[in-house]
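The two complexes that follow have chain A in common; it is paired with chain B in the first and with chain C in the second.
Let's look at the complex of A and B:
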């Protein structure tokens, strides 16, 4: 049976097209999932919360999206084996939903940063980063104003700083670009860089494919793809 | 059921970067209002609701402030009843 992968779409999302395009390279059952439709345990093995400005970033980035019917059972859905990647605004939604501790505040420069940045893979995290990838450097695009991630030492105990910037980009604690948390049989991987925008050689940047290649391989080996 | 009106004020906790407040404060300094020593920004929400009592209305508003209007990780909130 083909693995079921989905990209969640909110009003104001703008990264879902790139994510769908990046994931369309794999022989899986891929769907765009509208935020008003609930997600049940077992619906998807892999779920992307894309970048953009869900609900116009009104109130706080991600604050309204976290109450979407699609996210109502997300903790249980993940516990039962779904792997979630939250990209940029998706990271903010995961924070608001308390699936990742801490918060994102404005970049210390107070500027919107749109750039290609070098990132470092630090830890093996299933299904996204293999042991042999640790130490690799990826060039990934970032586009954010609120990417300055802060989290207390206590809350960090359950987190893995899987992806870091090579330089101090925005004053994120320990130069964190992406954090991973294992929940039951699933996981959440929240990151500010956009791997889905660096998934094709024709774009001049395909380092982001590493995460999706690994996820496909891992889920295939597990027998779900 | 009675009608009640509540105000919820949400502001950043100490130590959270608030560029909006910083920029406004800088402009105040440039305008030579040197008497002003600090400035913080906050969001204010005015709600009207129906409830059996003021205490129950207060509980509902607090739950709403906790769940949606504020992010308790980085913001604090105050709830006050205002005259209808």
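Let's look at the complex of A and C:
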């Protein structure tokens, strides 16, 4: 059976099309999932929370999205084997939903930062980063105003700083660009860079494919075994 | 309330217009009617002073699917798609309230694009400020950039470039023009001229409030009063934007257009003069009438009067005409996206616009009779270019290195990374070249062409335009075409953002006429017809001597088509050891660097206006063809246009703008020309190309085939020294620091 992947769409999301475009390269059953429809355990093996401004970022980025019907059972859905990648606004939603500890504050420049940045792969995390990828450097786009990640030492113990910036971009603690946490049989991977925007030969930017290639390989191997 | 001449004058109408209106109606207008007419006949909505000139613009071509007159122009894209594009100004609101003014400028142009049925895919902004050393100008710059960034980023549309220049003529009247590009399926194309009688009129989007009332008539179409008393009054005429609402409205409209394309008859965005303008436009263009019940307009404030409903410029609203009985289907989609959708009336065969409020008929206007104001008797005199009486004796440059660093730090040339980094330029996963590239380049597949792309480039030099508008337009068009060719794009169309002073000043219109004449030459030469545009008048700065018009500023943005975006090359140098060549259309017979930025800054005033050669379209076209051929053959490693600041600046920028700075080693000692002409001279038709040494023969062959001139400028090194023997040399790091000093990151 084909692996089932989904990209969640909120009012105000603007990265869902990019994620779908990037994932359409893989022979999986790929759907766009509307925020008002609940997600049940076992619906998807892989779920992307895309970038954008869900609900206009009213109140706080991600603060309203966590109440969406689609996210109601998220913890259970993940524990039962769904792997979630939250990109940019998706990172903010995962924080607001308390699936990732810490918080994102405004960049130290106080300005929106749109740039291509070098990122470093630090740890093997299933299904996104293999052991042999560790130490690799990826060139990925960033585009955010609230990307300055802060987390206390206690909270760090359950987290893996899987992705870091090569330079200090926004005063994120330890130059963290993405954090990973395994939950039951699933996981969450939250990151500020946009791998889905760097997954195309036409753009001369396809470093982001590494994550999706790995996930596809991992999930289809698991599916056949 | 009775209407009289005094009221008409206070609303911005002239005495002649008041008399004309009475004669057309054969009665006195009602208070509401007068309010509507005043705004419809304002310069901003009626284009009364510029229309007769705009009509002369070349706008025909096989690729043109929609020329000027609709919300945006359309050109064919492959077999079954089309590109919608347009540039629009938001100058006066941005001066009064920079953040909201610029933000709603972005909102307005995006609505123009998706009203046609197109999904917006790229933005660019063209800005002019006064002296940035003035605190107020810095405040305006920060506000405008944050406003654009806020709105565009939230909408999720990449900002791929633009222009920032400064001149004291903008000290009291900054310019904010925004360009947008969208793509649509040709079978789902929507216009405002296709409504039918007996259909329902709906308002979609946000509820109506009191913001922006009289924005079009009294803010955009009047001279600026800078006295403090008026400031507050003007501020309430600036609209307040909410990009989240616009995003929802956009998604809802696009879904309606895709799902209910047969049931949606006509659609018009509610921008300037809101409900008034949108109802009149649809009625006039579709040759029918409307019956509107103003009580049904969804409001967000209590106690709004009829004229407020008619004039409100609340953002994020659309007027749609839908088939009778289908309203519910539309309402369902709009509600899904959290948008209001209310039926406010119906279309009628009788071509009059009738509106009632609280049971009382207030408006009964014969649409075609009152759509346009009486014709103005405007005379345009042929523009005469002032030539300097005699040739000046001016010394050659002495401090070449210092001059080079000075030029690199000027706002027009310096790195804009500190500004552009605030705009999301990668959302959409289609940006091939973003801000800082030779042109904005977007991957936009066509049927059967998976790697096709669209490119756009905008240009204008207002200082040249003030002196010789004809030449300025020639230079802008050739620069656009050349930059597009550098990324392998063939021109397909053009949009123009016209920003001028007071049209009652004879010089203003004669400059504009000269610009149009030159644009027509160029648009025909490159087959890039003008399909859309915008005119902003009354751009003036108050000084002790009275009102002074800004220099004529006509942003020309050209659109091009690329067959394979994978072949696009960067504009920064890439590998040390490579050769750098100059490729020229037609070397001018000049002795001094007239017209150059260098001359403007370092020569006695007005001496820079020398004999600049006019553009040779044939030679320029040949260069463009050669560049496209080189792109197809992947001959170059990097390629860039030589623009402001001349050759030395182009080389320095190419050395320092990439990921790592390169040294440069060139021997120019064989040239007999003046040093300032060699280094800083500016003329059309030149590009700098980087090639691998083994490509020399192929490069020379190309140059010969297209009858171009080529000159080896030098080669790239790792020494960290920028050297043009025997003229100047120094550490490349100094050039980089100068280039990055103006807009720090």
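Definition applied: the second predicted complex is superposed on the first by the 223 of 225 C-alpha atoms of A that agree within 3 Å, B and C clash if a C-alpha of one lies under 4 Å from a C-alpha of the other, contacts with A are read in each partner's own complex, and residues count from 1 in each chain.
What we mean here is this: contacts are C-beta pairs under 8 Å (C-beta built on N, C-alpha and C of every residue); 3 or more make two chains touch, one makes a residue touch a chain.
Here the structure is a predicted model, which means the values were calculated and not measured.
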Examine A:96 and indicate which partner it touches, taking first as chain B and second as chain C; both and neither are also allowed.
first
Which of the two partners, first being chain B and second being chain C, lies in contact with A:67: first, second, both, or neither?
first
Which holds for A:45: it touches chain B only (first), chain C only (second), both, or neither?
neither
For A:207, select first, second, both or neither according to whether it touches chain B, chain C, the two together, or no partner.
neither
In this superposition, which partner touches a larger number of chain A residues, chain B or chain C?
C
Under the stated touch criterion, which partner chain does A:22 make contact with: chain B (first), chain C (second), both, or neither?
second
Should A:108 be classified as contacting the first partner (chain B), the second (chain C), both, or neither?
first
Quick check on the superposed pair: does A:148 touch chain B, chain C, both, or neither? Answer first, second, both or neither.
first
Touching chain A in the complex, chain B uses residues 16-17, 19, 67-69, 71, 73-74
If you look only at chain C, which of its residues touch chain A in the complex?
149, 153-156, 242-245, 247-248, 251, 337-338, 420-432, 443, 450-451, 453, 565-566, 745
Which residues of chain A touch chain B in the complex?
59-60, 63-64, 67, 95-96, 101-103, 105-106, 108, 110, 148
How about chain A: which of its residues touch chain C in the complex?
11-12, 14-15, 17-18, 21-22, 51-53, 55-58, 109, 111-116, 141, 143, 194, 196-204
